[in-house]
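In the two assemblies presented below, chain A is common to both, partnered first by chain B and then by chain C.
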Partner chain A sequence: MKIEDKYWRDPVLLAAVAPLAVVMIAFFLVPLVMTAVLTFQTTQYYRLSWSWDLKIWTEVFSKPHYWTIMVRTVVMALVCVAICIAIAFPAAYALATRLKTFKTQIQILIIFAFLTDAVLKTFGWILILDKNGVANWLLMHIGFPADALNLLFTPAGTMIGMVYNLVAYPMFTIYLSLVRIDRDLVLAAYDAGASRLRTFFEVTLPLSRPGLYSGAVLVFVLSLGAFLEPKVLGGGTAPLASELIRQSFETRVNWPLGAALTMVLIVIGALMLALSSAFALRRRSAPGRPA
Partner chain B sequence: MVSPIIDAARIVKDYGSARALHGVSLQVGAGEFVALVGPSGCGKTTLLKILAGFEEPTDGRLEIEGKDMRGVPAASRPTRMVFQKLALFPHKTVAENIGFPLKLQKVPVAETKDRVRGMLDLMHLRPDYLQRYPAQLSGGEQQRVALARALVSRPGVLLLDEPMSALDAKLKKSLQAELKKLHRELGTSFVLVTHDLEEAMMLADRICVMRGGHVVQVGTPADIYYRPANMFVAGFIGETNFLPVAAVLTASGVQVTSPLTPGASAEIATEHVAPSLSEKGTALLVRPESIRIVRNDAKAGEWTLEGVVEEYFIKGSSTQYRIRVPGLEAAVIVDLAGSIVLPARVGETVRIGFDPTQAFLLSE
Partner chain C sequence: MNAQRLRNALVDTLLVGTVVLLLLFFYAPIATLVAFSFTSSRVLTLPIESFSLAWYGELFSKPDFLPAVRNSAVVAAVSTLFATVLGTAGAVAWIRYRFRMQAAFRALTFAPLLFPQLLLGVVMLLWFSVLGSWLGFSNGLFTVIIGHVVYITPFALVVVAVQVYGFDETLEDAARDAGANGWQVFREVTFPLLWPGIFSAAIFAFLLSWGNFYISYSLAGTARTLPIFVYSGIAVGSSPIYPALATLNLVPALLLVVTAEFLRRRALKRQSSGNLAS
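Now for the complex of A and B:
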């Protein structure tokens, strides 16, 4: 099918696109616009009143408390990305190159862990991280003091939960990138005189970049919205953006504030994505290089 | 050969319980062009991988440039490989691909640049290709880049793993001609793996024919064509005819008789007899171009057979006939000089003849 320059006049094309367009508009664009509109409204006596007012936005920009939480959320997300990649890359590399015999079994185990409900897994970590939990019990038995680890209800606890729940994503994207690398390219590097380490940095790592980037982006976006882990394992001591937004909507019944904070989080996420994709594109700087 | 650059002796390679190479020995002289040929699964690629250092032989000794290669990794060998699928680095430009071996040897940037440009000239590639990526080049251009990358570090031996199998016939011919010229100019030893004996004949100084992990014959293209070791080698080079005969040793050669030509016998001189002749399945190798159609002009000593024309193909310089002869399993293939007047039509019964003393006697 040839798509004309004036494709918007083609009734068949319009009809074919219509269902998707309706779904996208109804469930993506409309809520987003509604959220944006909501930020200009005011609440009085737990009631929304229709107005165009910048009151909420002045509040958002004047209270450093909100920004502390936003910055903390972004930092936690970035740290989570770093830790996830650091764990996922070697695991995916081993799976793609070394552990071929048990590949299927290991993949099934990872998928099982991945598909188990996140709430269950997160609560499961309480049993491990608790002062009288499994981790301390094990450490005690190899000679550490009884309360060597004190991770539950700390940001570190939150991080452990986030990493645990998200690490499978980059593991799969990186694995897929690695298995697509032609074995001959590695042999060609050896043949040209490269050591194993050099081959890794010259061939394997650059060619696994698509998986690295997409894995990192997935983890980052999902970390920004982390809700469960700071609540269950962080104990609410260092709330993240999602908790702040929930409080605005539910506890304080200040919907315009919640909407404004949501917009801030969306903009931060979009900016980070734009930055990282600009970075990714710059690295493959070829003019007219086929993607 | 005074001092071979490659000296492989009794190389054995097992994959699990399967034996891929059964004690293969091969020597390659300095500056020589050797082709390894055989059907798929004959072990030619395995042997090449062992030379490159991608595989360790299970048993046997391999010396390259006089040094034992046991435990020497591919990176430290004086060999460079051109891969079947070329294996150009997709994320590196043409300049980075060609310069990669020099970068690893820490050759200064200015010298690398000069040598990469020199390779580009040698391969007839345009200088503005340097900043392109392999995916932006045509198949033939990628081929040249792969050759340039393999040759830029001036290796002692260039290994080629069927690098032209993916190209169309015309491009293949022109690259074959260039490869031969390149070999003459550089004086580097080339080892080419191919399943195409015709390609091997065109390019190589010596051909090593392999089957089932054994070397069947090593020799010059003329040896392989005119003095094949057995029916496998003779049949591998292209379509040909085998006439089963009974052979009896005599003082000056071999006396042969054929059940298809009763009463006729011929004496085959020793130089027309395969050295490894065995009792089993002796046959006369009669090339399609040495058979003619006999009308009423039979010559003395000529053996003649009668058959029906099954099919013919006009090839231009020659016309090929397939003639069904009663008592022979395969149709006899006859190549006649091309002419506008066809000497015979499909379904016609013709008499074909050849001189048995000019045929070659071999066995299975």
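Now for the complex of A and C:
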């Protein structure tokens, strides 16, 4: 790969970079700053007033109600990460090392399911998890009592939906880091007499760590914003942060409050991102530990 | 040795089993929805006693969903165009160039991928509301398109970047040595070589936009796209016309993926026969 040095006065570089940079600054960066600015305003009679004070932040920090929901959101996100990694790793490993013949077909099937409308898939889950739904019907026919499962409108229902919608992300990242592993390293370990199990734990697993970390972080930050799942599958019984944010916009028409709660989630996500990249870097530079 | 072989076979079975289970998991809700769209009954429970196209007939006798389909198509087409072009240019700048503030450029263009869609939608909603009250516009399809472009371009960028990364630039040098000018090199060498990546990026972009709910929901104002229409339908109560509508929503995506796979195979075949000829 040849990399060209470019200068900002080069029209080719400007043409490649400027349009995208302008779009992202105008519609992503500036809105983020605006959100932060809005948290210092207040509303009066459902209208925004530019007051520049800390009223909203004192409200956010003084109401335990918000923090119960924030903590629940973070706990759900962590559980979701654990389940997603537990499913995604063996699946990605199988896809990278076994299943040579049907690999492309399986990849297309996974990508197609991933890209299908989330509302539609969530709707499908309602029909499966409902008390008279497909899951209970199947269970009844293999001998379980009627209504064996009661998952719709519970946190477990929410979790199924969240895992369903997010598990593809760590599959992609782990798969990409697994296929990049030099096959010779694995063969060298075998030559040196290591068993398959030992080779897996001492060569393959450490080398797939970038994919593991990035997949886990992606699932965590994305599940902070889960909205359809708690609402439609959880039935609103255990609302997550997204529901708070939606209510402050739609029901209470309190933009500064919604903005502040959004900032709280963004900060939690950013902290987790910083934490995991610091952890990954420390691991890489730890003495006596290659890779 | 036999025990060893048995254990290996067991591991293989477990691994392949995970993938099979995962595919079942992925397709269970989709298959359920499609199956229920063909029921003749009014209630959406098993067993499905007889199959019929009654609900499709019902759907088309009162086509109030058609504006939503049109909106979805317009949004998806325009956002795909912008996301693919911006993503391709961005991918080249990411991988092939080195310039001042490149790290900042990378962070800025990748960050939307790390944002839950709802938060991305909310952040942009706040901005458009403030901007709208200053400039006197209200949210509609064009704000949805802007939102989709911000959300989807990083995906398109990553897909194209993979293609750019595997790019053999000696071919460009060869074309230049043969006397081609900058534009000719781009048109005859660079673009055809990047085309598979750009094409997949466009398909990715289209499907992400077509099926997007969160960002459209935040930014659409009073306009409705197909996912918003379905969402308001399931919130009201699960009438059997919604599985039918959702199944119809799958059709364009399916056609697109099948076409893409067909084109990819044909390109592969042509490439291998080309290699034989040379």
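The rule is simple: the second predicted complex is superposed on the first by the 263 of 291 C-alpha atoms of A that agree within 3 Å, B and C clash if a C-alpha of one lies under 4 Å from a C-alpha of the other, contacts with A are read in each partner's own complex, and residues count from 1 in each chain.
Following the convention adopted for this analysis, a contact is a pair of C-beta atoms (placed from the backbone, for glycine too) under 8 Å apart; a residue touches a chain by one contact, two chains touch by 3 or more.
Bear in mind the structure is a predicted one, so any value in this text is a computation, not a measurement.
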Next item on the list: Have a look at chain B and chain C on chain A after the superposition and call it: clash or fit.
Entry: fit
Check: First (chain B), second (chain C), both or neither: which does A:R98 touch?
Finding: second
Checklist line | Residue contacts with chain A in the superposition, chain B compared against chain C | finding: C
Notebook entry, point to check: Looking at the overlay, does A:Y164 come into contact with chain B only (first), chain C only (second), both, or neither?
Noted result: second
Notebook entry, point to check: Touching A:P206, do we find chain B (first), chain C (second), both, or neither?
Noted result: first
Note to self: Looking at A:G236 after the superposition, I want to know if it touches chain B, chain C, both of them or none. Which is it: first, second, both, neither?
What the structure shows: neither
Notebook entry, point to check: Does chain B (first) or chain C (second) touch A:A192, or do both, or does neither?
Noted result: first
Next item on the list: Please work out whether A:G225 is in contact with chain B alone, chain C alone, both, or neither, and reply first, second, both or neither.
Entry: second
Margin query: With the two complexes overlaid on chain A, check the angle at chain A between chain B and chain C, Cα centres, nearest 10°.
Written below: 80
Next item on the list: Could you tell me how near the closest CA atoms of chain B and chain C get once both structures are overlaid on the shared chain, in Å?
Entry: 6
Next item on the list: Flag every residue of chain A that touches chain C in the complex, lowest number first.
Entry: 1-8, 13, 15-17, 19-21, 23-25, 27-32, 34-35, 38, 48, 87, 90-91, 93-95, 97-99, 106, 108-113, 115-128, 130, 132-134, 137, 164, 167, 196, 217-218, 221-228, 232, 242, 245-246, 249, 255, 258-259, 262, 265-266, 269, 273
Checklist line | In the complex with chain B, residue positions of chain A that touch it | finding: 182, 184-185, 187-195, 198, 202-203, 206-207, 284, 286, 288-290
Margin query: Can you tell me which positions in chain B touch chain A when the two form their complex?
Written below: 52-54, 73-76, 79-81, 83-85, 87-91, 93, 100-101, 104-105, 131-133, 135-136, 149, 153
Item checked: Residue ranges of chain C in contact with chain A within the complex -> 8, 11-12, 14-16, 18-19, 22-23, 25-33, 36, 44-47, 86-87, 89-90, 92-93, 95-100, 105, 108-109, 111-112, 114-120, 122-127, 129-130, 146-147, 149-150, 153, 165, 167, 169, 204, 207-208, 210-214, 226-227, 230-231, 234, 238, 242-243, 246, 249-250, 253-254, 257, 261
